[in-house]
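Structure below; questions to follow.
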Amino acid sequence: MGVDEIDVVVEHADVLQIGARNTQNYNLLRAVGQQKTKPVLLKRGMMSTMEELLMSAEYILAQGCSKVMLCERGIRTFERYTRNTFDINAIPVLKSRTHLPIIADPSHATGHWNFVESASMAAIAAGADGLMIEVHPQPEKAVSDGAQSLKPKRFSDLVSRARRVAEAVGRRV
Amino acid sequence: MGVDEIDVVVEHADVLQIGARNTQNYNLLRAVGQQKTKPVLLKRGMMSTMEELLMSAEYILAQGCSKVMLCERGIRTFERYTRNTFDINAIPVLKSRTHLPIIADPSHATGHWNFVESASMAAIAAGADGLMIEVHPQPEKAVSDGAQSLKPKRFSDLVSRARRVAEAVGRRV
Amino acid sequence: MGVDEIDVVVEHADVLQIGARNTQNYNLLRAVGQQKTKPVLLKRGMMSTMEELLMSAEYILAQGCSKVMLCERGIRTFERYTRNTFDINAIPVLKSRTHLPIIADPSHATGHWNFVESASMAAIAAGADGLMIEVHPQPEKAVSDGAQSLKPKRFSDLVSRARRVAEAVGRRV
Amino acid sequence: MGVDEIDVVVEHADVLQIGARNTQNYNLLRAVGQQKTKPVLLKRGMMSTMEELLMSAEYILAQGCSKVMLCERGIRTFERYTRNTFDINAIPVLKSRTHLPIIADPSHATGHWNFVESASMAAIAAGADGLMIEVHPQPEKAVSDGAQSLKPKRFSDLVSRARRVAEAVGRRV
């Protein structure tokens, strides 16, 4: 999404997402902050510290848009069995430093559908305020990210299980 | 623990621990594998891949010692708000590749007592077979790792909560 | 620099620079590639692989702009004595994979003026086609990056020394 | 090399090398420091900060062995075109903090023979006090590290070139 595309996205989408590669695209952050119609989901860059993520959020908030959600989607490390390393610590650490909701993206944070459920349960147990999960009826035909997409049935099971974990830590889904 | 100290440690300890800095000390791994009296807890190096951790375990197993537990204790990344980055993905990924029990060490993996509980719940929810948590009656007087140590009361609350999360994912503590 | 600012930058600048935080800002890369008046200096992201840097360059080249220079400016690692880790390997590796000129930025790659000269000599010796160095008459008053800026006299000495190293490896400054 | 093998290595070798995987094996460091016959080459761990390398050197020096050389052999990062990332900054930074000689190991730091020469020139230009390079008459038959080994002829050319670069920065090989 470029600065000149914000209007059309605002018109059609429920949430404006700033992707991991644009986390420090300050022109875009400021422009998104100038609209107050739709909430903004700001993804942590794969190369960003938590401090930088919080500073990127400030660019949006400072323009007057107060509905900002932060999204942990995994960071880049030397580990090679997974696409990214899900920084689960980010959930309690960010919650201790900001009142903004923290969303987890276990699909990107693992990169493989068969680890998405475990990572989702971990996120909820650690205190995440929401999950963002890729679902596709035929993952093997997905245009992108098929390897990390769940089929609908598996997704629905995941939601039931997430509900139980949320209750166990005193929350509700 | 050096190779020449194994006998005395076996005599007095319940478990032999190979620390993160010795994860690729092959002499020590082999020597520890030659005793079959006590189980071995092998910690992942702060910069070991999961593949390397599994290969280190092989050094012990190949000597005939079959009671080996793997421990995820956080890896080194660029993030600076935490001491290490807890690689929560390691729990389901390792479980998909080995039958060995996977233990999580949220104390080292976060480095701060106030994040230990959230990280512990995440570990259990992700499928960890056990937790290893630093507890100290007076953390501020601890010889080492005080910042990441829990007081006994807080630890006891954590165990109750862990029990509820374990049940939510169909396990028992 | 945003997409809508390209025209004015083209008018006044000698080179268009894509900064490290915009290395994967594909809208900007494409827009910059559509002008053919000025050469483009594309900086490697602080957490981009070399492969990703080459792919970002393709976004520019594919639009018809052929004057693209790649710039190694250091990557993010766990090391804390320096601002970034200068990936000197990137110079010969990139030269083996592309015909584009490779520029080194020892100011960002070290973060401290007193290491800039050594890093510059290393870059030239490794085969870099150019250096990009921050210079300031009064670094302590610089608006940004003062800690890594050289005073003019020291810069001039650096150039003389770079000339000698270049000759030693069969090149000319 | 284990603690119990030091005597036999001292008898036959010119230098005692502590490998990257043993950089924080404190028993071994202390034991090596207790002999004063042979110099010690201490390799930086692939996961060690420069500060940790200096602290590991202290373990040896504190035992009375004063002939210690530090070796930069590349650190682990997310980059995948090379085996390790050669931290060229480590050369001037370590020289600013210690009087110990700094040796570079471009073979491990790149992992590919065709980048060893450029990395070697960079190391000398940055101020390294020595190079450690793997050479094999038939690299394709090497028991280990063949991919990063030079044939003798190429090694001899490298030495000539290193001599010229050393002179260019006011030193002598």
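Each chain carries a letter (A, B, C and D) given by its place in the written order, and its residues are counted from 1.
Going forward, a residue touches a chain if its C-beta (ideal position, glycine included) is under 8 Å from a C-beta of that chain, and two chains touch if they have at least 3 such contacts.
The shown structure was predicted, so the numbers you read here are calculated from the model rather than taken from an experiment.
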If you tally the C-beta contacts, which comes out ahead, A-C or B-C?
A-C
Interface repeat test, B-D vs A-D, A-C or C-D, passes over-half contact pair overlap for A-C
Between chain B and chain C, centroid-to-centroid distance (C-alpha), Å
42
How many Å are there between the centre of chain A and the centre of chain B, using C-alpha atoms for each centre?
28
Between chain A and chain C, what distance separates the C-alpha centroids? Give it in angstrom.
32
Shared interface positions of chain A, touching two or more other chains
47, 76-78
Quick one: which bits of chain A touch chain B in the complex? Just the residue numbers, please.
47, 49-51, 75, 77-82, 85-89, 91-93, 96, 109-110, 114-115, 118-119, 121-127, 161, 164-165, 167-169
So in the complex, the part of chain C that touches chain B is made up of which residues?
47, 76-78
Please name which positions on chain B make contact with chain D in the complex.
2-4, 21-22, 24-27, 45-48, 76
